[in-house]
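Each of the next two complexes has chain A plus one other chain: chain B in the first, chain C in the second.
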Partner chain A sequence: MITLWDFFIDPILCWPTIGSLFMCVGTALIGVLVYLQKRSLLGESLSHCVYPGIVLGVLAYKMFFSKVDLLIPVLLGGTATASLGLYSINFCVRKLKMSSDVALCFVLAAFFGLGFLAVSRVQFIYPKVYQQVQMFLYGQAATMRQVHALIYMLLCLGIVIFIILLFKHLQMIYFDREFAKSMSRSSHTVESLVFIMLIAAIVIGMRTVGIILMSGMLIAPAVSARQFTNKLSWMFFLAALVAAISAFFGNVISYHFSNHFSASFPIGPVIIVVATLIAILSLLFSPKRGIVFRYARIVIFKKRVFAENVLKMIFKYSEQNAMPIEKMKKMVHLPHWIFSLFLFHIQKQGWIKHTADEQIQLTKDGKNKALHVIRKHRLWETYLQHLGMQGEMIHANAEKMEHMITEEMESSLEEMLSFPKKDPHQKPIPQKSKYSYGGYELE
Partner chain B sequence: MSLSNPYWHKSFFAFLKLFLSRMGDLASGKLAFSELAVDEVQLFLLGAIGVSCALIGTFLVLKKQTMLANALSHTVLLGIVIAYVLLGLVSSYTFASFPVLLLAALISALLTVFFTQVFTHVMRLQEDASIGLVFSFLFAIGIIFASVLTKNVHIGIEVVMGNVDIVQLADLRLALSLVGFNLLIIALFHRQYTLTVFDKSLARSYGVPVKFFEYLMMFQTAITVIGSFRAVGVLLVLAFLVSPVVIARLFTNKVATLLGLSCLIGLGISVIGVAISRHILSVYQLPLSTSGVVVSLFVVVFIISACIHLNKKYFYQLVKKQKTAKPQAELSNS
Partner chain C sequence: MSDKQTVVEVDQLSVSYDKTSVLWDLSFAVPRNKIVAIVGPNGAGKSTLLKTILGIIKPISGKVSFFGNNPLSKVFKKIAYVPQKDSIDWDFPITAFEVVLMGRYNHLGRFKRVRQADKEAAMQALELVGMKELAHRQIAQLSGGQQQKLFIARALVQDPDIFLMDEPFTGIDMHSEKTIVHILQELRHNGKTIFVVHHDLNTVEKYFDWIVMLNICLIAHGDIKTTFTHENIQKCFGKRSVLFEEASKLSKEHLEGIIK
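Showing the complex of A and B:
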């Protein structure tokens, strides 16, 4: 049985693991910048532009050396064609007035087509090399050796140093656009540096996740990191962490599944699946921006508003602060079973009680609660009148605001209006009780 | 299919000449449909793909949704794999069977568009980030499935790269029926498509169900991609979808002209591309991928057209400058 630690020390497993770890981290760091620039699909386009570079690089390399090593052709050739691709995209958008979406897609397809033409030549003269080149489509992490891991580590280090050195500038560009505009020349330089780093990151990540899945590696960690923080430094850190986790577990899962099912689970795609799952989980469950908690907050707020309205309704219905259940069911637009559940809930809060004759009566706490809401409502109406507004508008607005006014707002409103006793409709405003703490009474 | 290839050792013009004469034979009934040579099948196939891709590609380019089409062309892999599993056809390796294709197109179009919409609107992600996230995820799953089911990654490579040099008559029939399908839909709905592309709210006020046509467009794209991937691969389909339209767009501003011109360009370049590929093989003994040659030809034609377009602009500017410069000079004189 192989433990998790073995993935770092086993002579066969360690280099792919370490190598893909560094690659994913390097790619994810640049992915953060591209994501913040809202140009996530640029990575997709440029990674396809690398393909002809790899093929031509291999062909050129073959002319001078008999042995084939893919490292140098990929690094040099890939960088060259990716830069050309970037230039072509900008040219199409600026000079030919293409929309950026179409330009991205066209350049992607065109470069890939050119690579395709070149690779058919490679297939014919060097069938073995062809197999290796094709593996770049989906990545080829499993065959990585010590040399590769070291080189990719250095490149990743380069990206980290770049980010540390330019951190102030980057922060300024992405989070303080107005200030950055005033220093347009230097921010322009930094932005083009980011594009160069993007190309570097793509070329680095190529071997692990491959051409086609590259954009996933750029986007997924950045998306997950953005869910948890607003700070650039934390975003870099979290994205790197997500990338490292997905690279490591991608390797682990791929190894174990391949053994268990005796079928090949390619490392690159597994890494992408892990990274995307992390991104989806953070989109769902991150505390501030996550969709689950966002909806939960909305539901809780709506429930509170509904409860306050129901208490108010019972309070106003009769002198005894009691109301028949059947009558209430007719007033609210809810299915009966949900309403019963809701009544049970506020009964547990201690705001209402059932009486013998099928009525709902407010408890002391419930009455206080209702009075408090009415107090906030009438205070707000008074305030609106103070502002010079009149008519039905006042009431409709107060219906909403009565649920939102906080304790502090309430007391400063009261102070500002010099402790009013009557609202614009000449109805009494409930006052804080002198006899019981936290209670309210109508005078 | 005849075993002896009449196009053996033919150069560019000889190829076209022989092709035309053989087409005459085909029209007059001297040559049966099943006796077509490999080159002719290839030529018709690429031509058909060129036309159907240009038809739907026009609207994709105008709607600025080509990257969504790019996503779709990737997720098609997952659609195909799922369709195979569902229909229990893993063993019999027939790509051209129609129900499989239809199912795969439906699955991949729905999955891609649905997930992208969910990420963009419900989870409030940037649109292009959600496109990138969705397609790389679905494609990764597709590759894992494919490599587990077939025990190697090469099915994936075949899907991505395609191979026009192993096509059969069945593929041609499929491609031709796709052209028919696309022509029918565009002929029926081109007004609604145009409205949907340019002005959604106007379309709604005319009572056009915009959502329905958006999904129809995506479905049409998916089925066109699926019908073509065996010949050209999912990535080169993109070139067929975008390049003719991009080239035609340099010369016209009208939708109808754009549609016709891009179809012509798609068809013409496919035919010339096959002839050039044959010419290179016959004269220089260089076997190159036919679809690669066609796409490269697209690139060359695009570069030439872009040069013409840019220079035309310069020319107009020069003429304008002279016209506007003259009255000013007169004013200053007087």
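Showing the complex of A and C:
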């Protein structure tokens, strides 16, 4: 039985694991920078531009340099065509005035197409070359050796050092480019360095996850990390963590699945699947930005709005701020049992109390809350009239805003309208009580 | 006006984007200790002027010199820039505090870490604009006025002699506007010079004491009382330049062989 630790020490398993770990972390860090530029598609385009370079590299290897490791001519070829691709994209945007999307797609298709054309030619002449090229198309991490792992380690180290040393500058450039330029003369150089790093990361990474899935490794960790933090330093750290987890479990899952189902589960695609899963889970469940919690917050807000409206209804019903339950049930459009549950809930919260004669009465706090909501409603109406608006729309808009206006807005509204006492319909605006702190009263 | 008193001198400055003229042969000098309004219609080149002074945009001819005869490269650490609000990516993972801290980066070497002194300076600047409690909020969670004050705080920690602000009064509440005006007056009191691209003609006389009126060419410049006249406003905001813009566009199209 193989334990998780064996993936770091087993002589066959360890190099693919360690290699893809470094490669994924390095790529993910660069991915954060690409994500911040909002140019995630760039990774996709450039990784496809690598394809013809690989074909050239493999051909050159077969013809001239069969002494050296295959990886070296392939890296050189890939770097060359990726750089050419980047240049072409910029040329299309700046000189030919293409929109950025069009340029990215156009260059992607053109380069990838060229690669395929070349491959289909060599397929018949050198069948072996074809196989080796395909290896880079989908990645082949399982055959990684010590030397590959070393290359990835150096690349990853380079990227980490680059980011740590230039953190302040990178933050400045991607947040506020013009300010960065006004602060430092070398912003342009730093930006160019990032592109060089991007190309290096893509070219080197394709050995593991392959050209087609490369952009997933750039984007998925950055997207996951963004969901959990509002600080750039943490975003780098979390993206690296997500990448490391994906790389490690990608290897583990690939190994076990391949054995268990006796079918091939290549490491590269499995890594991408893990990274994508983490991204999806982050998008769903992150506390601040995740969809699930956002919906939960919407439900809580709606419940509060409903509660405030019910309190208002009771307040307006009678002088004693009390209302028969039966009457209330007729007014609200809710199943009776849900409404009873709701009443029980706001009673627990201290806004209402049941009286002996089947009535609901506001507590002192409940009355204050109702007055506060009415106050915000009438202040808002006064403000809208002040802006020159008229008619039924005013009331409808205030009906929504009364639940949202903050303390801050409330006091600046008052100040701006010079402490109004009456709303546009000549109804009194509840004022802060002089007698009890935090209370309101109608004058 | 002696050279010592001149803070910024613009000499026969022309700027063009993609062969279209944006600024045409501007020459003016601004003395020390002024709050300067840069006024003009949309497309008059107000932001372009700021960015050219900052060296972000290269002019096709002419030059800008500072404090007598110094080029930008000698004094750029003494100039702070407050960008237009729309140019900022508000979703960027950064807190208010970190934005202000950025202003200190020019005091540090490129690879140096941020020091405690920088952090305290940033906190003080935030306190000055009344935003100390909001220091650790992500910038999207600030109101329009707070966002604008944030960038002014960043400029303050740069400790510059010249401030260049692109529309700091756009999209903010009265209270923030008052705070900003108060800060500008304090800065002038301390011998600073502030350039402000401004839109609201109603408040020009109240807030500023010097004015540069632009509409591609320089319409007028000088003391607010003698320069901000009805006649100059007419000249500046009249539609006279529309044909010029059209001609510039035509010339660009011809030179690049574009047919529309």
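Please note the rule applied: the second predicted complex is superposed on the first by the 309 of 443 C-alpha atoms of A that agree within 3 Å, B and C clash if a C-alpha of one lies under 4 Å from a C-alpha of the other, contacts with A are read in each partner's own complex, and residues count from 1 in each chain.
Please note the rule applied: a contact is a pair of C-beta atoms (placed from the backbone, for glycine too) under 8 Å apart; a residue touches a chain by one contact, two chains touch by 3 or more.
All of these numbers come straight from a predicted model, not from anything done at the bench.
J.: Contact-wise, after the overlay, does A:138 reach chain B, chain C, both or neither (first, second, both, neither)?
T.: Touch partner of A:138: chain B, not chain C.
J.: Once the shared chain is lined up, is A:418 touching chain B (first), chain C (second), both, or neither of them?
T.: In the superposition, A:418 contacts neither chain B nor chain C.
J.: I want to verify the contact counts: of chain B and chain C, which reaches more residues of chain A?
T.: B
J.: Looking at A:108, would you say it contacts chain B, chain C, both, or neither? Reply first, second, both or neither.
T.: first
J.: Which parts of chain A are in contact with chain B and also with chain C?
T.: In chain A, residues 38 are touched by chain B and also by chain C.
J.: Please output the residues of chain A touching chain C within their complex, sorted ascending.
T.: It is residues 36, 38, 165-166, 168-169, 171-172, 174-176, 178-179, 181-186, 226, 229-232, 234-235, 412, 416 of chain A that touch chain C.
J.: Touching residues of chain A toward chain B in the complex: what are they?
T.: 35, 38-41, 43-44, 48, 95-96, 98-99, 101-102, 104-106, 108-110, 112-114, 116-121, 124, 134-135, 137-138, 212-213, 215-220, 222-223, 261, 263-266, 268-270, 272-273, 276, 279, 283-284, 289, 291
J.: Which part of chain C faces chain A closely enough to touch in the complex?
T.: Of all residues in chain C, those touching chain A are 51, 54-56, 73, 76, 79, 81, 83, 87-89, 92-95, 98-99, 102, 105-106, 108, 110-111, 114, 138, 173-175.
J.: If we count contacts the way the header does, which residues on chain B are in touch with chain A in the complex?
T.: Chain B reaches chain A through residues 61, 64-67, 69-70, 74, 119, 122-126, 128-129, 131-133, 136-137, 139-141, 143-144, 147-148, 151-153, 156-157, 160-161, 233, 235-236, 238-239, 241-243, 246, 249-250, 286-289, 291-293, 295-296, 298-299, 302, 306, 309-310.
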